[in-house]
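What follows is a pair of complexes built around chain A, which joins chain B in one and chain C in the other.
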Partner chain A sequence: MKFFYWISQTKIWESVFRTKLPISTNLDRALVIFNSLSLHIHPIKVRERAIKFTYTFYLGMISFFLFLVLTITGILLMLYYQPAIPNAYENMKDLKYVVSNGNFLRNMHRWSAHLMVISVFLHMLRVFFKGAYRPPRQFNWIVGVVLLIITLLLSYTGYLLPYDQLSYWAVTVGANIARYVPLIGEELSFLLLGGNNIGEYTLVRFYVLHCVILPAFMVMLIAFHFWRIRKDGGLL
Partner chain B sequence: MMNEELFQVEESSDSKVVTRRVAVFPQKTPVKFEQQRPPEKIVMTFPSLIIREVICFQVVVIVLVIISLLFDAPLEELANPQNTPNPAKAPWYFLGLQELLHVFPPVVAGVLIPFCVIVALVVIPYFEINIKREGLWKENQKKTFIIFSSIIFMLVLILIFFDVFSIAVPTLLIYALAVLPYFVKKKSPFINWLSQLSLAEWIMTWFALVSLILIFIGTYFRGPGWSWVYPW
Partner chain C sequence: MKIDRLRKIYAVTSVLFLVALAISPLKDYFTEWRSIQKNFNDSAEKLPVKVNPVNIGLQQIWNRELNTIDRCITCHLGISNNKLKMSNQPFKTHSKIYHDIEKLGCTICHEGQGLATRYEEVHLPTEFWDQPILPNRYIESSCGKCHIGEKLSSTPTLNKGRELIEKLNCASCHDIPGIKKSYTLTLDGIGNKVLNRNWILSWLKNPKHYQDNASMPNFLLTEKEIVSLTDFLMSFKSFGEGINLEPLPDVYHKNKTNEDFIALGQTRFREARCISCHSVEGKGGKLAIDLSKVGSKAKAEWIYNYIKNPRKFQSKIEMPQYGLSDNDVAAVTAYLESEFVDWDNDENESRDHTPLPNFFEEGLRVFNTYNCGGCHTLSAKGITDNRGPDLTAIGSKKLYQIDWGKADVNYTIYNFLESKIREPRVFDESARMPQFSLNEDEVTAITTYLLSLKQTKLPANFIRKVDERTLNSVQGEAGKIFQKYSCFKCHSLNYAGGSMAPDLTIVGSQLNTKWMKEYFKVPYSIRPIVEERMPNLFISEKEVETLLNYFNTILISDSLEIPNGLLQNRAEERGKGLFKEKYGCQGCHIIEGEGGYVGTPLDDAGDRLKPAYLFSWLMNPQKYKPNTIEPRTGMSAQEAFDITSYLLTFKKPGKQ
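The block that comes next holds the complex of A and B.
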């Protein structure tokens, strides 16, 4: 503790963290939030009722944390993945039998993805039944709906990447639905798959969608979603 | 001369008195309620909220680690376009859609219904009825009952015509609960609770229930050729 105190008084510490330790007054507590890049999305004070577990069940928070876990495990998985046939599948085998903790990494990514779909859906239900879409929060509700759709798309594009029987045919079922879109169905399916059937280019397309395009939209919209909560007057 | 006047007007455009809003009473808000609401307790974000976030994150990670250690992600053999598994199933969250695809024409189940669901979700906050959310039986009970019942009747008829009992049954269940306060006039906490639920809440409950049931059926009760099988 003494050592920690000494560190906190050094010039280097002070240059990095602007909040002086110890934190003893409400002004200090406010400054912790105020001076931090990662925390400043929070207001300095919150309603006590709004932060109770039974008020929101922390579903939005849980969804965000799952997204965080998915990003981290996803980046680590990218290190072992080649979007090619049959390399993609062989990489899965490698993850399972060769890479240290590779299986654990993949499990973590997959189960988080499933749980995120559930938690985002439950979050939507919670917000709905609380009536938290009422003005002035209409637009944040729409952003939330888009985030739900992106979550589903992320999960769906990720489903193909192992390129085993399960993912191939699951994605086939989904891609066939695109064909039924009136007028532009065939073109849409071709655009999505990068061909008439699922193949090498589909894998690359889904890989880029899964790792770059959709996460980019997701991050931007999450930031907007959070910012908008505060602008609309906090949690409800 | 003209300019000078304009200039003077501009100079004095700042209001001298700052009006202060004391209270807002929207038309339908009971004034009594607004006045009686006690001031809410406010706490510092750090540490009250931050500690909850940290604990929540830890719980999420711990739960994920336990699940990941206990259950392995499925991995079948290399994808083979020549070998179609029977049945080929979509990811579980799309199994409800696949279930619909099995009974309705593809354009309806694959395109129209998902599109309508998304549109319905997006427009929720723009309708007065969803914003007010008054109890279904608040006014004009007889008219409500006739309109509500006939719409449900039509819907169930269409569903039975397409043999979709997996949707027809929960629809009737929700309907039975929704019209219960119309028939049972005896006051009990359960009936009171039912009667104050709005149309929006009933529809969302119905949507969530139907999605859940369809996903459940698609996951556990569908075998070769999408026929009905039992998981045991």
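The block that comes next holds the complex of A and C.
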């Protein structure tokens, strides 16, 4: 106990946790929330009903948690993956047959991705039916819609990476849909595929989108989304 | 109280979660291959011979050139361990092959999923891999991926498949790389060749009814199609521009029932060894049609003209043009007309037949539908080329491109090919491919060959392709003679060509000119146990001269010579001792009337063989004939010289 007390008085502890121990006043309690990144998502004052499970079903938090799982498993999968032909498909086989727990990683990544799309969508429904898109939260609603689109794009770009028949034709369909965009359709499809046909450059393009560009936007917008929750007066 | 309950729930879910997390590593640990390797180590201890246990762990063969990774050796631990020949799979030693299996890998030949490590996914067709392990009966198809057109002695099935594909003339309807459409009879003048339409009717119904070894398959035509096609064919009376049947000579009309005349025909028929190629009631060669009923099929006039000059009617037929006189040919015709008759045939049956008004259009339609023009030429307007699918890469045809119909087979490429060859209309009743009558071995052989036609990008240094230009290299006068007598139907040149008779690449250095001259006059079977012999082609003396000149100037080897510095005196005596005692040559060869029947008799070796060749042959027989059974004894040059000297003393009396 003495040791713990000593630790809590060190400069390192102080610079990390910022709150002076022991906590005795209401101000101290408010400061704990105020100074913490993970706790200050909620505003300082929260309605009791807003933190009940049946009010939000924790859908936003579940989505965020799945995103974390996806990031961790995704980074581990990147260690075994080369965005090249025919290596990409052979890497899938290696993950399945040779890499320790490789199949588990891949399945985790895949199921989390499916679940994330579902939970993000349900989250949107919940917000819609509670009327939380109305002012002053109208801007955060828009951010949320963008996050939904990014979630779908992440799913779509990840679909090509195993480079099997399923992914090949899924991306072919996607590129053909892009072709129907008026005026810039052809160029858009060319930009997407990195050429006129699906090939190595498409694979690299989708890989970079899936692993760098889209997750970066995702992280920034998630942070912004959370910050707005607090600024707009908490959950509704 | 409430907090306690929450804590309990938290604790229980945490434990459950940890247990769930343990599933994956446990599954990894208790995997199939690990227990197989342990099993190997356990059973290795019990073996009478010492087999080293293996370290537990995944193993693989990585072939950089082919860019393949095969993990088969993780379980197939004994493939290169000779002590495990008697073990059961998966530990059995690999059968002996010419390649280094540890470098080449497995899937290049056996197919299957080399990357996988679970039994079903490696060996069987699964959702994500449609090329299961190739059954062993087709394994030679993999040899054919690199050894293109090479007739290796270790690939009998593949070679047989290729021969069958050539024989059945598959190339007339399908594009098959390296296989040329073989020549098939033209139908021009068929209306003038056959006695009456009955023969064509029964032939079209099923060629096998007329002749067991008919090379034409059964097109399973309907009765209506047969009638219109027959009438259509019967309307072609002309053999082509300027080609007419010569009338039979008077000598034929005068003597056609004369027994002596018929007997002369029979003698000529026998001397020319017509049955080397033709069969008579099933006995004889299988290269040409059966002659048993030819007298009831073709007009006597046509037979006479045809024997005189087959290429006048069938420009590229392999039948040689015999140098027989008109009288002899007429006698042979009389012989055929008197003996080779179908006694059951009723000639008068269809005398009064009147064809339907639209028989020509209808017949032409049938002719085109079944691509008769693919094999047979016919000078008629409106004949179209209506080929079947290209088979260039049939071995890698995608399974989703195949229409399986209602056929009850496992969906693999080899099942598709085998079923299709066995019963061409099994997947689709309206298919056009005709029914061949093949036994199971033949079906397997053809399937094997077709499976070897893959669209794989193998490195260039893997490919061994036979040069097909050799046979056309014989030019000029000699080339014409080779052509006329169809020499390469039986003989080969640089091992390309027929496989029935000896290779002629260095014949000029092997045989004495004088002996060859005699041989052309009366060919005989050199080995007593071999029945086949060269037919008497009645080649004229001038032609023989040309051929011998060609043999002695072009078909020779420069590397045959007897080295200097060998003991010359008393060589024959020493040779006799070596021949009879040390090497026991008489086990196979006859000399002085005694010896075995497997090798060639050597009583005329001095007449027949040239010294340098005989010497070189003794030193290394396989160099000159790779599949000969004569052993390479490793005798010294002096010994070979002595035996050569001894053998050269044997000459037939009176032929000096």
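Throughout what follows, the second predicted complex is superposed on the first by the 191 of 236 C-alpha atoms of A that agree within 3 Å, B and C clash if a C-alpha of one lies under 4 Å from a C-alpha of the other, contacts with A are read in each partner's own complex, and residues count from 1 in each chain.
Criterion: contacts are C-beta pairs under 8 Å (C-beta built on N, C-alpha and C of every residue); 3 or more make two chains touch, one makes a residue touch a chain.
Model, not experiment: these values are computed from the prediction.
A.B. asks: In the superposed arrangement, does chain B or chain C reach more residues of chain A?
C.D. replies: B
A.B. asks: So, does A:D164 touch the first partner chain B, the second partner chain C, both, or neither?
C.D. replies: Both partners, chain B and chain C.
A.B. asks: Which partner does A:R49 reach: the first (chain B), the second (chain C), both, or neither?
C.D. replies: In the superposed model, A:R49 contacts chain B only, not chain C.
A.B. asks: Just checking: does A:G195 make contact with chain B only, chain C only, both, or neither of them? Give me first, second, both or neither.
C.D. replies: neither
A.B. asks: Let me test your reading of the model: by the given contact rule, A:I142 touches which partner, first (chain B), second (chain C), both or neither?
C.D. replies: A:I142: touches chain B, not chain C.
A.B. asks: Should A:G234 be classified as contacting the first partner (chain B), the second (chain C), both, or neither?
C.D. replies: Touch partners of A:G234: none, neither chain B nor chain C.
A.B. asks: Look at A:F104 in the shared chain and tell me whether it touches chain B only, chain C only, both, or neither; answer first, second, both or neither.
C.D. replies: both
A.B. asks: Which chain A residues come up in both lists, the one for chain B and the one for chain C?
C.D. replies: Overlap of chain B and chain C footprints on chain A: residues 86, 93, 96, 103-104, 164.
A.B. asks: Mind pulling up the chain B residues that touch chain A in the complex?
C.D. replies: Touching chain A from chain B are residues 40-50, 52-53, 56-57, 60-61, 64-65, 67-69, 71-81, 83-85, 88-94, 97-98, 101, 106-107, 110-111, 118, 121-122, 124-126, 130-131, 133, 200-201, 204, 208.
A.B. asks: Which residues of chain A touch chain B in their complex?
C.D. replies: Listed in rising order, the residues are 23, 26, 29-30, 32-33, 39, 42-49, 51, 53, 58, 61-62, 65-66, 68-69, 85-86, 89, 92-93, 96, 103-104, 106-112, 114-115, 117, 124-125, 128-129, 131, 133-135, 137-138, 141-142, 145, 149, 152, 155-156, 159, 162-170, 172-174, 177, 180-182, 197-198.
A.B. asks: Where on chain A does chain C make contact in their complex?
C.D. replies: Spelled out, the residues of chain A in touch with chain C are 86, 90, 93-94, 96-98, 100-101, 103-104, 164.
A.B. asks: Sort out for me which residues of chain C touch chain A in the complex.
C.D. replies: 24-25, 28, 58, 67, 69, 71, 113, 115-118, 121, 128
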